[in-house]
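First subunit A sits with subunit B, and in the next complex the same chain sits with subunit C.
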Partner chain A sequence: MKRGNSLILPAWLSRRFDAHPVRRPARLPLPVPLAGVAGLVALFVAIPVVYIFLRAAGADLDDWQRLLQARIWSLLGNTLLLVAAVTGGALVIGVSMAWLTERTDLPGRKVLRWMFAMPLAIPAYIGGIVHLALLRPRGGLLPQMLESLFGQPVLTPSPLGFLGAAFILTLFTFPYVYLLSAAAFRSQHASLEEAARTLGCKSWQAVLFVTLPALRPGLLAGALLVALDILAEYGTVALLRYETFSSAIFVQLSGRYDRSAASVLSGVLVALAMIILWTELRVQGQARFTQMDGSWRPAPLTALGRWRFPMLTLALSVVFASLLVPVGVLLAWSVVALLDPQTLQEVVRTGSRGFLSFALNSLWTSALAALVAVTLSLPVAVFSVRHPSRISRFVARFCQVGYAIPGVVIALSLVLLVNRAAPVLYGTPFVVVIAYVLRHMPQAVRASEAALNQLSPALEEAARISGRTALQAFRQVTLPLILPGLLAGGALVFLTSLKELPATLLLRPAGFDTLAVRVWVWAADGFDAQAAPAALLLVLASATPLFFLLRREQLFK
Partner chain B sequence: MLPRRLISSLFLLVSALTACAPAAPSVSNTPPAGQASIGGKLVVYSGRSEPLIRPVIDAFKAQNPRIEVLLKAGSNSELANALIEERANPQADLFITTEVFTVQSLAQQGVFKSYRPAGADRLPAGSIGPDNSWVGLSRRARVIMYNTDLVANAELPKSIFDLTDPKWKGKIAAAGSTNGSTQAQIATMRQLLGDTETEKWLRGLLANKVIFFGGHTDVRKAVGTGEFALGLVNHYYYHLQVAEGSKVGIIYPDQGEGQVGVITNATAAGVVKGAPNAEAAQALMDFLVSEQGQNLFAAQNYEYPLLPGVALRQGVQPLDAFRLAKVDVASVARETKATFDLIEKVGLP
Partner chain C sequence: MTRLSVTHLIKRYPQAALPAVQDVSFEVEDGEILALVGPSGCGKTTTLRLIAGLERPDAGSICLNGQEVASDTRFIPPEQRGVGMVFQDHALFPHLNAHDNIAFGLRRWRPAEARQVVDDMLKLVGLAPLARRFPHTLSGGERQRVALARALAPRPVLVLMDEPFSSLDTDLRLEMREQVRSLLKTMQASVVFVTHDQEEAMYMGDRLGVFKSGSLEQIGTPEQIYQTSATRFVAEFMGNSSFVAGEVTPAGIWTELGLLSQAVDLPAAAAVEVAVRADDIDFQPHPVGNGVIIDRSFRGMHNLYRLRLDSGLELRAFKEHTTILPVGERVHARINAGHPLCVFPDTAKG
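Moving on, here comes the complex of A and B:
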């Protein structure tokens, strides 16, 4: 067994770091109680999806017709355009930056690795708020500065609309692709490129035609995760006024009395996301590489030569826009907010109960969600890893469905479901926690599966032979050994729950605010400085588990 | 820390449940005696944005230190949806909106209990809903604000219909279709002018590339900095922007002979039927229409108080000076669905 199985990266990629492949467990009879519990978990996860499909299918034919006539097609166009642009942009930036830090002699590449990964701690809508305040046409800080400098308005690029949304979302999603491709670049066998070079390829040809195609499955999986992320994105597109399915559903939910139109749009959105998720799962399944053998050695670094300086500038400008600018501006705003007594008073005690309460709310809901998600993922992971069969694989795959239900859709289905089925829970923060669990269950399942995969079943078998029951063996042997992996999975769920915006906005009970909600509400009213301390705290709270997760990665050791 | 939070939330949950259990609070027309003795949690759903309703709630809390006010601010229709869905399981005690159509249509669906606040008799006719289901709080006018650097006096628009003039293409900002005041304006225009004219106007705005923000604060700031020349807002947003030192002006539109007049609307509040803490809700309602509460709306927010005799904030032009659009609240409220259908049909963002 080996510590340090990767979570941010797909399991197949990190598994390749293992020197000793884990022995497959022997075929066992189907364990009925375990299968039952895992099945129940899958059922729990499936409820919102099934419910949304039922609602969409049961909507008035009129609603469908009205939406089909105009709305759906333009939303579909807008959404797909953004998904394609951001996925493409994230691939280009992510892969090129990964190549620079892993395969070239770029100065400072060790530090740059961290810099490229850390934007994951900044929710895209917070990045959007900062860039909007800086670049907004005429009203932004930069245009105003230029105007006072030159005495007349200077045209600057606008962060609004399609281009702005694509730019901002690319800046804050490329780290997914970066991490994947950096790890892949690093683990690739030197002989591949060497063979290409021997056969007469130039160095760039070797990269383009040999190295990159070999990375394709990993990149595709990463790209599809980015695509799912963009489908679910609400805050940034709403802020930058670009209408996609998610923001249109939010408008339907918060601006109309009629929920069937929202259900119809949700049904289409979830169907779209399911197609992407299904592709992602297939790609992941196919991506099997040979294990590293003894002859493995890292590919040699390319000397950048006179390109060193331009490439460093390029890398630094990415870091500048995605990390330094947002953090720097938030810091500056926070100082302004803390120095101004009136703003400080607002910060400390706005909302029904004040700053401390919504910081704590953020922490305990996310932590509880992490705990519940990891606990629920255990039976599913044990079932699928220790008892591989078509049924268990189906159950595990089903638990991935959360990736395909955007926050707004979870909120819609929970509002309707909880009020009917469990009115006791309605209007409590626990609905928010349920939404986080449903949405982030896939990360927990992937993490628990990865952790179990690292552990040889021989240990459990030994415990069984010495007289322990299956449950005892699990508790006394397996659980302590996979605990680090589970903790990491929990950290991932915690991190993503902290950032969750639309479901929290729609489901929070009166007087219950989280950091994300506060930042959003303040910034929507134009109080950027007031929102900054909360935003900064949110970024710091996300950066901590992210740091811990990255430290587990081979890349950052 | 976590377990304690958990336990306290569980405790909260349990106490909330038991608080619901006793029989429905009785309908009363008299304010409860000894206000200071009222306590507990008071859940307020507010369609008014937090900065605008907070000062009033703070003043109320200062008077009733034992009441903990839990505020949920959102859009009118989002909260109205919640109230309708919660009828069997009420969560909120008091609902405050930015316009009367929402409370009226909720009243028609039996969401509110009837309550006539102390001092209601002094409010002008028409500011109290049928069966005392809701009470109006403050009035505001739909105006056009402009950036004085960008628009010369001679070319100022005089009517909201001037906003569809191509010369303003790309130069106008407004609040989008989730905003209560925007919805109310469209509902009012439907009644005054009919569906066809209203649709034509909305399509004209869209063709003129009007930018729709989520709320009016963005609109006033964008006009203030000169990102847009004109903004369609409630009158007090103009005053709030002036207070920030921007060079902006205000137009009360449609004053000419035969024109519709300035469209006005009122904010309103209703006590929720089956409210867990109706007593506190009624106390807050009393406070909102009291001299002190009304004065806060006027002084802090530059609004028109409904209670006669409360002074306007300096600089706010009295409404008597203007030709006002006349609207029948009850019949507009019955047309809610048609209004939303129109919004959907033209595809207002």
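Moving on, here comes the complex of A and C:
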């Protein structure tokens, strides 16, 4: 029985019982050409990071001093506070919702699984735009409604600042933790909890002392990825006026053109991200003990009893805030926009400023990025999976640095690098594509590695024995068999590239608008209704690959 | 003619303390099946992979059909060696049907000829009606036969089989090994067969090579291996032997089971161990005796007793199925073999 390997989830979770047994590495002569190509890919990925560190180290001492005196510490405080709050919030919501849908008799849990996963298709800044329009202290729809209802202003929570940013970002990042923990809950042996019960634990004690600790490494890995995401987040924090490293760098770059200060800030940000990424990679390596094997059977469901209704309410309110409200409001605005002739004209204007061209720009840049990223990931994955050694592991790890380079930093280094090294590219959309590739390379590498890991090396060996060279064996046997996995990896890169905002904003040539850029610009100018159709299209375009990716998961079968 | 000759083969893995394959030499004659057997991790599979060209030896050489394919200076890649291999998990290509899997190694043949060979192979393994089926729709035994047909179709110089029956359940395994052995013999294939199952090795192999931690302990016919084991390990692994301590005297070997009048090529007073199997021991109830019955299990054709001698040594001994003695009974046990027993110097006592 061959199961699809998971991409949204880390590789260790999808390594199921049908995976081939770990085999001693084949010690054929080191494939020099393969190692060379893989090394070149790693080098390509590494250039922006190294360059940023060099720039930061080479910045004026005055710049460092100026920044150290005031900015860096408050930015560091702000950033870490937000990262901690959102990661914690996402863990609490993600794990508890996963427990509800996987381990209890909550009504409608099959539908709820989809509802909890789908917010991944909504970029956080679009969610932010909607919630801001609803809750804004002055002029927000909800305060206005309440005022007209009660005849006097009613105090409502403001979405601006720290609390607002933490709230919005938690709403749109918890699905990642949810998917991870739901899959882990599911793959866990029933016998684990049963053993705890026979040893005298009550049901809740078994969950607390056995189930959750056993999931800990996996959850930690998920939490760290959320943390990296928050470090890189620009749109939402800028919108809600909460200053973090990312937004400060963006301001330095786009407003003040102070590249030296931007480099210093970027250096610190990337160093911070590297620490988190390094921890994540380490944790991932250890997180092996929730695998399924032949004797797996589902754990019995906990009967919620009189808690059924309160728990359902809780689950539905999460769905309401993270999925129904944003999609509903975008739909309503879109209808308004399409009914109003003037807005309609703005929206559907033809030519390079038309809706169609934004959509096409989004599609081709993201699709090209997906294609390039998957292609580049192949030699790296083959090298690390089929020729495991210290060198190949290092190369594969190096290709993960994209996770630790926020969009603004990629933009900064590309602006500087392209200017210097390849001015031909400057001012073309290809710089945007390069940024997407660099940033989303890790997902492609992980996907390709996962696909290869599921394929027994004996198949390639059988092809070699039947008279094929290594390259022929790869083309005729390996490639056709891992193609579904590669497509899924490409879909993931496509999905995340579509949503990428800061790098696109900073690197696009003048007049080159994507859906994400248009939504952002219109919303920033206050034309929410005008932005809505574009935002809706962006969400739909993301939801489609997400739907197919989720269908590959065991959870949704 | 010698199909395969392996000389002083050595393979080390970087992290391992001991070599995986340590100075192994053997030959396979035309039409012969050589079964390599040993506990898991003993180097037999590594040896197979070295022959296939899937790993590179650190020293030693491999000759196929008189041509050197691996040595200190040469390394012929697997695709140019012309060997066939049946993998442990069959390794059928899941994107190709049975017919195309078998045809995979016949790329350079003329199409008509290749089709003929594939059809012949399918008939030979009894799978002609299933030619268009994909591997996941085939049963375990059918997959096994496709894998075998794929390995045999290009008429390889040598067929390598890596625990080919280990993924089948017991009944099927017994049935398959009969079929496979007769098929290999029909095609007069030269085969190196790897297994960890002693019984399977004795059934499949014209000759056996017993491996222990990377070295070849003994190579010979099943009868030689079983009756005149070269080392204590071979006697223990292949024959379920127990070992009784003894001392060499001019009259024979003195053990606690009495005197074994058998000449050995060892100095007098040397400490030895005598390998005894359950059918080499006889015992009678005896009020004093030299041991006690601690267990009896009825095996249909005979009773298998476990005895504990007064020295603490536990032995197994057969008795006819009608002789039923109670557990706890004192007995006198003695050696009653009717053939020479294997005697090894007792290394523990120097």
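One rule holds in what follows: the second predicted complex is superposed on the first by the 537 of 557 C-alpha atoms of A that agree within 3 Å, B and C clash if a C-alpha of one lies under 4 Å from a C-alpha of the other, contacts with A are read in each partner's own complex, and residues count from 1 in each chain.
The working rule: a residue touches a chain if its C-beta (ideal position, glycine included) is under 8 Å from a C-beta of that chain, and two chains touch if they have at least 3 such contacts.
Because the structure is a prediction, the values reported are computed rather than measured.
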Margin query: Following the superposition defined at the top, how do subunit B and subunit C come out on subunit A, clash or fit?
Written below: fit
Check: Touch check for A:391: first (subunit B), second (subunit C), both, or neither?
Finding: neither
Next item on the list: Name the contact category of A:214: first (subunit B only), second (subunit C only), both, or neither.
Entry: neither
Notebook entry, point to check: So which one touches more of the residues on subunit A, subunit B or subunit C?
Noted result: B
Notebook entry, point to check: Touching A:46 in the superposition: subunit B (first), subunit C (second), both, neither?
Noted result: neither
Margin query: In the overlaid three-chain picture, which partner chain does A:423 touch, first (subunit B) or second (subunit C), both, or neither?
Written below: first
Next item on the list: Kindly classify A:461 by the partners it touches after superposition: subunit B alone (first), subunit C alone (second), both, or neither?
Entry: second
Next item on the list: Could you tell me if A:81 is touching subunit B, subunit C, both of them or neither one (first, second, both, neither)?
Entry: neither
Item checked: Three-chain overlay, closest Cα atoms of subunit B and subunit C, distance in Å -> 29
Checklist line | Common ground on subunit A, meaning residues reached by subunit C in one complex and by subunit B in the other | finding: none
Checklist line | Interface residues, subunit A side, partner subunit B - complex | finding: 66, 70-71, 136-139, 144, 238, 241, 243, 251, 253-259, 261, 350-352, 360, 363-364, 367-368, 415-416, 419, 423-424, 426-430, 506, 508-512, 521, 524-527
Margin query: Help me check something: in the complex, which residues belonging to subunit C touch subunit A?
Written below: 13, 46, 49, 52-56, 75, 77-81, 83-85, 87-89, 91, 93-95, 104-105, 107-108, 136, 150-151, 154
Check: For subunit B, which residues count as touching subunit A in their complex?
Finding: 1-2, 5-6, 9, 12-13, 16-17, 41, 43-45, 49-51, 54, 68-75, 77-78, 80-82, 84-86, 88-89, 91-92, 176-178, 183, 211-215, 217-218, 221-222, 225-227, 336-337, 340, 344-345, 347, 349
Notebook entry, point to check: In their shared complex, at which residues does subunit A touch subunit C?
Noted result: 2, 20, 24, 26-29, 456, 458-459, 461-470, 477, 480-481
